[in-house]
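The two complexes that follow have chain A in common; it is paired with chain B in the first and with chain C in the second.
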Partner chain A sequence: MTKTSLQKLLFAIMLVMLLALAACGGDDNESGDTDSDNDSTTEESEANEDGLFSIDDFSNIKSNEGEAIEGGSFTYGLVSDTAFEGTLNWNFYSGNPDAEVITWFDEALLTWDENYVYTNDGAATYEADGNTFTFTIRDNVNWHDGEPVTAEDWLFAHEVIGHPDYDGPRYGTDFTNIEGMEEYHAGEADTISGIEVVDEKTLKITYKEVTPSLVTGSIWTYPLAKHIFEDIPVADMSSSDAVRKNPIGFGPFKVETIVPGESVTYTKNEDYWRGEPKLDSVTLKVINPTVVVNELETGGVDTVSSFPVDQYPDNSDLSNVEFLGNVDRAFTYMGFKLGKWDGDAGKVVPDPNAKMANKNLRQAMWHAVDNSAVADNFYHGLRWNATTLIPPSHPEFHDESNPGREYDVDKANELLDEAGYVDTNDDGFREDPDGEELVINFASMSGGDTAEPIAQYYIQSWENVGLKVELVDGRLMEFNTFYDRVEADDPEIDIYQGAWGVGIDIDPRGLWGETAAYNYTRWTSEENESLLADGVSEEAFEVEYRQEVYKEWQELMVEEVPAFPTLYRSVVVPVNNRVHNYAIGDGTGIYLHELAVTQEEPIVAE
Partner chain B sequence: MENKNEIEQVEKSPSGFSIIWREIVRDKLALVSLIFLILITVFVYGVSIILDQDEIVTVDLFSIHEPPGEEFWLGTDYGGRDIFGQLIIGTRNSLSIGILVTLMTGIIGVVFGLVSGYFGGHIDNIMMRILDFFLILPFLMIVIVFVAIVPKYSIWTFSLIMTAFLWMGIARLIRSKALQEKELDYVQASKTLGSSNFKIMFTQVLPNITSLIIVTMTLNLAANIGLESGLSFLGFGFPESTPSLGTLLSYARNPQTLEYRWWIWVPASVLILLLMLSIRNVGEALKRATDARQRRG
Partner chain C sequence: MWKFTIRRILIMIPQIILLSVLIFALAKMMPGDALSGMVDPNVDPERLEEIRDKLGWNDPWHVQYADWVGGLVQGDLGQSFRFKMPVTELVGERIVNTFWLSIATLFFTYLIAIPLGITSGRYNDTWLDQSITSYTYIGFATPLFIFALVMLWVFGFMLGWFPTSGSVSPGLQPGTFEYVMSKITHLILPAISMALITTVSTVQYLRSEIIDTKQKDFILTARAKGASETRVYNRHILRNSLLPIAAFLGFEITGLIGGTVFIETIFGYPGMGLLFFESIQLRDYSVVTAVVLLFGIASILGALLSDIILSLVDPRIRIK
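Now for the complex of A and B:
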């Protein structure tokens, strides 16, 4: 999980979606039979009378019109202001643009379903026996150069990432959870005692702790081709030609040429384990966000990695594309600064004397804002009022019945009066209970076209209930400055508006736990800690138990309001009409090798 | 006796201002430009007294992207804010900055150049090296950094930042003129009579180069307005809560606005164009007025 701006966030989300394309799993409710034409479920969304769109009207699977041709090529637009870095291996990359590039030629051994739980439909299968997992790689899974993908390769990936010289970002709790990994990392052991190669295609890994998180994304499922990398010192691997110039994988397409930072061409991998891909070649090129619509109109690209939601209403009737839509695994939230980060102890220290420490004040600030109006007017319904801190992208755990805190100015005023925030000097603004002037400093990011009016709107809303809120420094902050200052607990900041992408595992400890550096609110409590711990305990393998725990946790957060969610988001992706078998989201059962086109050239808008 | 007096009164050489006036009246384009400038300035400053800036920049969720109509003469932007109001306040802010920067750079430049040129020698040498130092600083980059680190900035601070890097041109010009001027007989005469350097510089040399100052400053005004708009367009000027012509223009960076919502950025663009052209036209007329060979009147 990472902090993220809208654009980076969309990249992140798209990455997982594309992964899921290569993944498999149960049929999505909406998907129906993907081989036949299913126009009825995939009509493009029309705005209703209020000019609002609803994500429910979108399908996440492309409808197939006409007959697909043999071969053909496909152009993918990687939407970015900057060039992609070019670290093209799952084990070393760090930027999301790179991940978009890798997705086409390499994939994970395990796949997951729409609830993000590992399935047995991928290139490898798994079996759990207590703390030991046994993985079996399918016989026909081979690297692009013909060598088989072996258990050795999988072990090798673990050895490289756990190596003290490893310079990538992967080594973390997912790895230290493996028996013997820490000893290996410290140089005390030559091998990782918890990983055992049984035979060429079978691997056994023993974990220290088995939690529901483990099977939702905490197993490292990307092998590293040992026959290529074994002679390269670990420290040099990420800059080697095998990563930068001639990357290798076992996905549906092979890398043909790379123009660094600009484009990549792929040809089909005839030996792909799921079957020969239908397309002959794929081209990926970087396009600037401002030209996305033009590129789509002229058929310059078939689809793009992300599409700015605010450009949708003006372009919803583009004749040559179909818009796919899905609920985003991210939400926007308003956080209150309630403590400090203790770097030495590695945990948050709530401060009961913080300016925002009064619970009523925080609740009132939530009641004071009308997020539905923001969503409808700025995003035309493609974002909507958020209620709890678990977004609806995780339908199993998002508590539909919890209404959050509704827009209610009277309630807000009442709460503030009750807590002693009253206007004592008749300047139109409330003073704090001690009669001191109360000025709340609000930090918000620039970027995204509507950032400024939205921030202004929130300030006006709070002014309506008598709270004086000012932008820190009187203006929006640039993305990096914003997170630097929020992370450093800048005393100038009392509240901040951030965005958060939820990982495929719902476990909220990454953002709200006591030991999470990303817990920017610096709030925690005993109850919070115990609920979060329960959510990943042994019993939580029982989905109902886990649901119950997270339901309680969502209630706690609505009561305590260390932060409140403002908007849930959706992803909208246009796809050229000539494309067959394309989908976004997880567990759709559609894979990249099935991707096909109905004519040689993309259809151009009328 | 009476006759003698009459003879003395007859011909006085025309004053600088009447020459300028004659030149402008003779050049119809400059005259129209001047009238337009005066009207715009009076209108903008007049109306903005009545308008409330806070009200103009208040976000109204229910009137986003309204096209021009009865309620909003020039429509609204993506925050539901009235474009017409923003245009008035924006023009006022842009003009104010342009005028402030021009005046401040003018004062600093004239004093610096005059002192440097008048004294010459070592003083001139040292002062010119200081000026060279300022000249080689990358102006745009430093302004951008300043804007990023100064926590809150107003019209004044913004003007000061710009002034700090824009006074050199005029200072150089004035210095070269002062170098010529100080060799003239009247300066020598005044010195012989014991006038102080200060008095010679500011009451005798300065009036003789006024025309040059006026012309340069007029042309600078257009450049400074352009510079402010440019910086705001790039996002390094004012935040949107303080509209200027540049912030209105910068809305056009969004392809949707550029293509579908002309009313947001076209008025500001046209206004910038007209303002700069008019100032230039007037400036050119002034320039001719200061040079007898080019005069039309």
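Now for the complex of A and C:
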């Protein structure tokens, strides 16, 4: 290599380096610009004067601009820092990424409305007669290979999930509630006595107990194609090619190719029972959370499965997308450890001598924190102060009139004084009623930039009312450690900050009932139990009665405070402007076969 | 020579056994398991306990270890809980990607290192050398995952020259020309990003070797014989200086393993590094242990390779 060519090469490399450095600098400027742009535009539209957003200003249904074209393709970004697992069948999957993949090609036989109650608009209809439900599958519902979806397939799904060799997580109370299921699971019976195939398209299931919960998500509505899975042993089904490589469903799109863990392409299912889909094809690809915004800007994806809420304020003015928003079925809460879990009896045992057993103390700790400040400062209003333990994602049962416990330092001090928590040794912190020093141990999870400051904020707030609260081990806990220790009732933990996703079924027994292992507070009372039982009783089929019961229950929880909700959450999802008929949330009446686009390529940000 | 190699291989056996115990113990010490934190109202906690029992996660550790090693000996790495498929199959799927990524990275590493090292060594203490040395120091100081993100942003998103994630475009049929080309274009950016950072140690190594060799007596002799400067450099200095670099190859492979974990995560490139990362997050024990074991074995083999090359090159270090 001659000297001159070497120098040229070197020059080129230096240039590349310079570019990389310049890019670093450019990045900073860029984000600075968007910040200021954001301020000016948001004042006009979404944010109020304080630069805060409100979920009420969002629609969960995409507005349709322009004229849709025939056919076209759509790209869906599955946001995940892990590859999807590839268990592509409703009956076997366990991770959420897989569910996102399956949604495009398979669906439930029953659909539900915005209150999460099953409707008769789906691929099957149902009729209840006492404890027996009769399901009728529509005649034009066929698997992708042309075979009809039959009652036999639906029964087969139940048989597989109830089989002792079944390796998925679905078998549970929803199934043991079916007559004869437990006998079948134990191997004492060859068939499930409570399920009867009446004819090709009609199935009857007899349940042991019929509660309002049954029709909000407790019926198994995913058939399993018997003509394909029949010959595969149950233990091998989840790893079979019929699940992993050539998955089948009866949804609007068919799977065309799968690159394991990376991407899936779909083509339209012309024989779809609701009608031929408008799009020709759909591509789903996994994208890393760090590049979500870039992918959206460049039109690499039309929409994404989830969008980090903390990035919304900087990107609210992206020109090529419309942000849809909805109230999340989840909330953050602060739980008090009030007892133990008795594994043998399978129930919680409250401990009246627990450190946090004093009701006034718990009430005061709620009054002491200003959740609105946390919501505004860390989440720009996209999370907001929570009031009761039933979130507004269930508007039917969330009690709007219940204010929870408001931020009120004087009230907190008063409650503590009243209960005898006073500072006897002048160290600035209150001692417990026996005069012993009181140190409350607080467990909180690490993750994200805001976990630490938020935990510190709460500790500071409690210090303001004279309570000494310390982080367990002096630091935040990693996710797995946190759940391990909270679950095991580690005596080191007195309070913990957790998050809870609420099922589509509102029944709170799964988290707050006496027999719920997830009742991490280990608190219960007779009144609690009776209200929870009333909520799923025969009378509770009357919505007003059920509302009344849950209203009382929410009041009870505000009074007893075994845990208090801190923040309600929202989901924000950007969708490219070329997309028509897209919606997030439940019961919108918009289905994937109607999805359409106005031009061949996604619109790129200006 | 053979004696040395065989002896060196024999040492590997206790190394691998010790490695397997360590890996297993560490994996089991990780808090939680694949089911912890699955606080889902639709999943019955009793069902989770049932699964734990069935999969033997509640057995004492030595029983689990014996099961695992028993499988290993038969070439069975176990069943992945998350992916619901045999680990061998899963690893087989991913290792191909990592293999090509590593080859491409090595290629770029040497493509950058050799000309830069030679220039830097030959014209040492000139502005040219100083700028190359500055680059190597910047390279040493730059964290790979930040650099990779910047590269992705500049070349992937801003300029749009390369695809931004995955190992192949969706929807292509394996075996076609487009498929192969798509694989290659998906490789280039991650490979260059990693090479630009990992190459710096090789550049420095080569530079100091050349400077060292330059002052040896035989170079003086060569010059005295009237050999041209180009001949001196290409024939005498370069040859002698490259030998240790060749020996460095084994360690380079070891270094790549650490790099792939970051690179594959950032570029969403499904290889062994990403598999390692996600199986730790998801507590998929059988995959974690298998992947770490393979990484460990790769490192041991890398060291072996280096030792063998070194002993070929330099007989002095052979163990007697």
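Note that the second predicted complex is superposed on the first by the 561 of 606 C-alpha atoms of A that agree within 3 Å, B and C clash if a C-alpha of one lies under 4 Å from a C-alpha of the other, contacts with A are read in each partner's own complex, and residues count from 1 in each chain.
Going forward, a contact is a pair of C-beta atoms (placed from the backbone, for glycine too) under 8 Å apart; a residue touches a chain by one contact, two chains touch by 3 or more.
This one's a predicted model, so the numbers in the text were calculated from it and none came from an experiment.
Chain B and chain C, once both complexes are superposed via chain A, fit side by side. Look at A:Asn377: by the touch rule set out above, it reaches chain B but stays clear of chain C. By the touch criterion defined above, A:Thr87 reaches chain C but does not reach chain B.
In the superposition on chain A, contact of A:Ile161 is made with neither chain B nor chain C. In the overlay built on the shared chain, the residue A:Ile287 is in contact with chain C alone; chain B does not reach it.
By the touch criterion defined above, A:Ile61 lies against neither chain B nor chain C after alignment on the C-alpha atoms of chain A. A simple residue count on chain A separates chain B from chain C, and the partner touching more is C. Once the two complexes are laid over each other on the shared chain, residue contacts for A:Pro453 go to chain B alone; chain C is not touched. Look at A:Ala225: by the touch rule set out above, it reaches neither chain B nor chain C. Superposition on chain A places chain B within reach of chain C only down to 8 Å, the least C-alpha distance between them.
Within chain A, the residues touching chain B in one complex and chain C in the other are 290-291, 294, 478.
The touching residues of chain A, when paired with chain C in their complex, are 1, 6-7, 9-10, 13-14, 17, 19-20, 23-24, 27, 81-83, 85-87, 92, 94-95, 167, 169-174, 217, 238-239, 243-244, 256-257, 259-265, 281, 283-288, 290-291, 294-295, 297-298, 300, 346, 478-484, 487, 498, 500-503, 505, 510-511, 516-518. Those residues of chain C that touch chain A in the shared complex are 30-32, 35-48, 50-51, 54, 79, 82-86, 93, 112, 115-116, 118-119, 128, 131-132, 135, 138, 147, 149-154, 156-158, 160, 164-173, 265-268, 270, 274-275, 277-278, 281-283.
Touching chain A in their complex are the following residues of chain B: 57-59, 61-62, 64, 77-81, 148, 151-153, 235, 239-241, 253-256, 259-260.
Within the complex formed with chain B, the residues of chain A that make contact are 290-291, 293-294, 310-311, 314, 370, 373-374, 377-378, 446, 449-450, 452-454, 456-457, 460, 473-476, 478.
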